[in-house]
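In the two complexes that follow, subunit A is the common piece, with subunit B as its partner first and subunit C second.
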Partner chain A sequence: MRKRNQYTTPLVLYRVRKSLKFALLIALLAIYLIPIYGMFSLAFKPRAEIYSGLFELTRVTLENFEEAYRYGAYSAITNSIIVTVGGVAIALVLAVLASYAFSRFAVKGKNILMFYILSTRMMPPITLIIPIFIMFFNVGLKGTYLGLILVYAMMSLPLSIWMIKSFIDDIPKDIDQAALVDGHSTMFILFKIIIPMVIPGIAASAAFAAIMLWNEFLFALLLSGVDTKPTSVLLSSIRGERGFNWGRVAAIEVVYILPIIILVFWLQKYMLRGLTFGTVRR
Partner chain B sequence: MGKDEYIIQVEKIAKTYNGRRVLNDISFALRRGELLAILGPPGSGKTTLLKIIAGLIKQDAGDVIINGRIVNDLPPYERGVSLVFETLALYPNMSVYENIASPLIAEKKDKEYIDRRVGEISRLLKIEHILGRKADKLSGGERQRVAIARALAKEAEIYLLDEPLSNLDAKIRYALRTEFKKLKSLLGKTIILATSDPSDALALGDKVMLLFNGAVIQEGPPIDIYYAPRNISIARYLTGNILNEVSISIDSYGKSVSMDVGQEFSIDPYFLKVLREVGETSITLASYADGCIVDKSVESCSGIKVAGEFIGYEYRGSEYLVYARKGERVFRSLRASLPNVTFGERVEVCIPHTNALLFSGKTGSLIR
Partner chain C sequence: MRKPFSKEFFNKGRMLNPWLMILPAFLILLVFNIFPLLWSLGISFYRFSVIIREAPRYVGGLNYINVITSAEAWDRIIRTGIYLAYALSLQFGLGLLLSLLLFEDFKGKRMLITLFTIPLMIAPVASSLFFRYLFDENLGPVNNFLKSIAGYGPLWFSSNMSPLGIPYALLTVVLVETWIWTPFVMFLLTAGMSSIPQDLIEQSRVDSIKFRHKFRYVILPYIKPMIALALIFRFMDSLKTFDSIYILTAGGPGATTELISVYIYRVAFERWDFGSATALSYLILVIVIFMTNVFMRYILGGERS
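Now for the complex of A and B:
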């Protein structure tokens, strides 16, 4: 009997522990997912039912989305897309060229330069905002797409360079050398051989940069104009005539998060590889 | 013999990496159509030497002369060389066709010419059926062939092959060896092949150059390297460290002879004569497996005879590699059939003096 106990007690304990872990996970999941559910539910609720319970949904309506459209949400989304795509595109072009050079050529002070590039990301962005604002104001970039795109490219460049360089480092140098013996130019090697091989790395860094820029608020708030205001800024300034119009806010949020969710699903296999860059061998 | 007859001359090439001398005054010269096998263990500097010839690594000193012209400052594609990398270095994102056509595209040849040339070479290497496949979807043997095909597609004077047969299974290895010989005689091209496998070097090379720790320790036709290795470490390397070795010593009066394999032995007077002639007190007698006899009893042995114990055998297709042991010493003999003995039974090992290589006991260098 005693022997039996020795075995059964830990089994019970194990089951209890397992259930507790499971419960904890459910609770955590609820904490993360309920707000998102709430957002979707609010967005599709009729205005009159906004203050009814979170889980009560008698009728699905698109009136909040119409409201959001009238409020200029869709042009804000377009602005978000323009500055994000622009920033990511410039950053990627520069990052590919820079990381190829850092990976393959004898650049003087390579390590220091690489650290310097990374260190620009260590600075709190708020410390840069005043000089950049004054500078942009003086040269007429404030309120333009180009201004925000340039700042965004600068913000996403360090991570992109580091990530893409790690992918290029993984490609054996013999492949470049084989192409040199064949008689190809450096540009041919980069564009026809190296870049096609680091597409996953470029995709991963594009995804990370896009997420960061899509959510960016501080620079957008100060550097965008009335017509170039991205969604993050629009959301912060939203106010109805009689207090907050929560249905409209939720509708804008729904439209705002959809593109980035689609992007993440599409690129998630590359992002995982991007997150572990340098740590695993392919 | 005029210097201009050489297609390539390498003169006193030296290279140091991080304070370590990886190549030390390497010199050689080759005529058109010759095949030089550079043989050496991994890390002996073979790849570095080939890359210096190709122009991918800059030497610290010395000259590379191709067709009578010093090419030290020329970029790789202007040197008229083609290189098969040890890592193969195929372009994984491209098809087999694109890989082979790569040097021709770089030379801006027209489409028709490229098609024809890729066709010819892929037929020669029997890879026509995989031309459309991606390079990263090939088997080991196929990848090796594609790498060789890409190198051959380039109209070069000299083809450099870095370990072209390593990591291949025996069947493909033998097939490719035959193909290299065919390529050499068919195309009449000069080939420099680096390998760490003595059997590849001896089988393929018109000349073999032994490279140890960045220095040339012996150079010559394969038969000379095999039958007259300059010292015992070369002989050991050629057999993969399983050389049959016996050490013979003579006392200072020249009377009493002893061997390091115990008391039970017989020795041909020839060896004593050699010992006296060279004035050494000890010599090491060595033989390859094909020069050693292991049998139940060896009646007439005009060499040294040692009694040992039969410990095993390997079947090698048409012949057997038979193992015998005396104390710690292991002897190997290549035979057409197995000796009529069971494991652990007494056998006699005979190394006839005609098959024996004699090395100085003191310096290890070849005596005769």
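Now for the complex of A and C:
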């Protein structure tokens, strides 16, 4: 009897401790996600109940979304989609080519170039924005989609190159060599053999780049015009108004963040690479 | 003589010059990154006033001297330092706590981690704007709640001193930034902990060593590189904090939350003094590079010895 106790007591203690830990974790998660829940519940609340607590949702209404639509949220979301897709598309094509070259060939100055690309992440964007602002102002790109798309392509290139390179590095080089022996050209190997193998990786890189551009604010604030302002700028301009309708703001926010929340679940496998620029792999 | 099937044979065969593949990407970076970077270094040596439409005038290092001797700039740098100390210690404390709670495997761990990363991925503009509603001084849910249990709600966007030793407005910025970035730290530390060999964990469990010792001798050595990485990333990004401050307080009240990036933005696009703004941003760039090296040496170097 005594002997049995000796072994079971720590086990029980261990189980209790484990479930306590789990409970604490769930509690922290709940506290952590209250703002997200609040955003959604506020978006569906009738205007009269906006300040009546965070949780109760007595009547669900879509009037906030209608008002957001009238406010111009629709065109802002369209603008966000245009600049994000444009930026990611350009960056992706260029990054696939460059990262394949970086991954497979002995390019002169490769390490310096790769380090430079990584170091662009260190630069305060404010250093770049003044010359780009002057440049765009003089060339007439300020306030156009093209200007923002080009800057966004530049911003997402480093992340895309490093991430896609990390995926291509994972493919054994023997495959390229076998294809070479068969007499295929570099472009054939890249497009018919390598790319099909890293499609999930490329998609994940594109998604991370898209999230970055979708959320971008500083460049959009200074380089977009009245008709081309993306959602982040629209939201920031609401801030300056007096006595505005929080329900409408929440409705815009929900439309703005919902695609990201959906993407996050798909990206969980690649999260570590995405967050660390592809420098840490698993 | 080149042997067939050797490395040289493949590299110099009928293959595309790799530079042709790098060139398009490099051109974009050249035009929109390298060129602006050099240009802004140039601007920092000129007196460049857009408003009065005078031609840019070369002034040598005058902008740098002005910035270094300006009490205002130093005030913003010190503010940024205080902000960094509070924000980073909160983020790392909470992140470490969460990752320790996530140390053991259980069903649905991955899902839990993913849910935690949502605040990290959504736009800071959206979440900050929503926090403005949450922390609203008169009617916001946070103050409603505090008033109902404590009978008192602080003015979250004022320059009044908070019990933590920083003004409330700065505290609000710290809290919002912590909400956004803690998952990042948690995520990297969890990844570091998952690299601890399983038999080491089991051994420590069999020996039932104290948690303190387990942390010191089992966990810490494995998460050290990740701590360094997280610290470098967080340090760099915290200096860039702009979106959330712009939305929450726009640097106010007064200059309470005017951290260095907001300050540079204001100098550049409200006073239109491009020369001083670029000079200051170059000084910040130098500080970032220097501190990054220090972190690397200190944390990774300590491990080697």
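Criterion: the second predicted complex is superposed on the first by the 234 of 282 C-alpha atoms of A that agree within 3 Å, B and C clash if a C-alpha of one lies under 4 Å from a C-alpha of the other, contacts with A are read in each partner's own complex, and residues count from 1 in each chain.
To be clear about the criterion, a contact is a pair of C-beta atoms (placed from the backbone, for glycine too) under 8 Å apart; a residue touches a chain by one contact, two chains touch by 3 or more.
The structure displayed is predicted, hence computed values, not measured ones.
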**OP:** Quick one: classify A:P196 as touching subunit B (first), subunit C (second), both or neither.
**Re:** first
**OP:** Return first, second, both or neither, reflecting whether A:R59 touches subunit B, subunit C, both chains, or no partner chain.
**Re:** neither
Original post:
Touching A:L97 in the superposition: subunit B (first), subunit C (second), both, neither?
Top reply: second
**OP:** Would you sort A:Q177 into first (subunit B), second (subunit C), both or neither based on which partner it touches?
**Re:** both
**OP:** Quick one: classify A:F217 as touching subunit B (first), subunit C (second), both or neither.
**Re:** second
Subject >> Chain touching more of subunit A, residue-wise (subunit B, subunit C) >> reply: C
Original post:
Where on subunit A do the contacts from subunit B and from subunit C line up?
Top reply: 177, 180-181
Original post:
Which residues of subunit C touch subunit A in their complex?
Top reply: 5, 10-11, 13-16, 18-19, 21-22, 24-26, 28-29, 31-33, 35-37, 39-40, 43, 98, 101-102, 104, 106, 110, 112-127, 129-134, 139-141, 144, 179, 184, 187-188, 191, 208, 226, 229, 233, 236, 239-240, 242-243, 246-247, 250, 261, 264-265, 268-269, 274, 277-278, 281-282, 284-285, 288-289, 292
**OP:** Would you tell me which residues of subunit B are touching subunit A in their complex?
**Re:** 51, 54, 56, 75-77, 81-83, 85-94, 102-103, 106-107, 150, 154
Subject >> Residue ranges of subunit A in contact with subunit B within the complex >> reply: 172, 174-175, 177-184, 188, 193, 196-197
Original post:
Considering the complex alone, what residue numbers of subunit A touch subunit C?
Top reply: 10, 18, 21-22, 24-25, 28-29, 32-33, 35-36, 38-39, 42, 51, 53-54, 90-91, 93-95, 97-98, 100-102, 104-107, 113, 117, 120-132, 134-135, 150-151, 153-154, 157-158, 161, 177, 180-181, 185-187, 211, 214-215, 217-218, 222, 231-232, 235-236, 238-239, 246, 249-250, 253, 256-257, 260-261, 263-265, 268, 271-272, 275-276, 279-280, 282
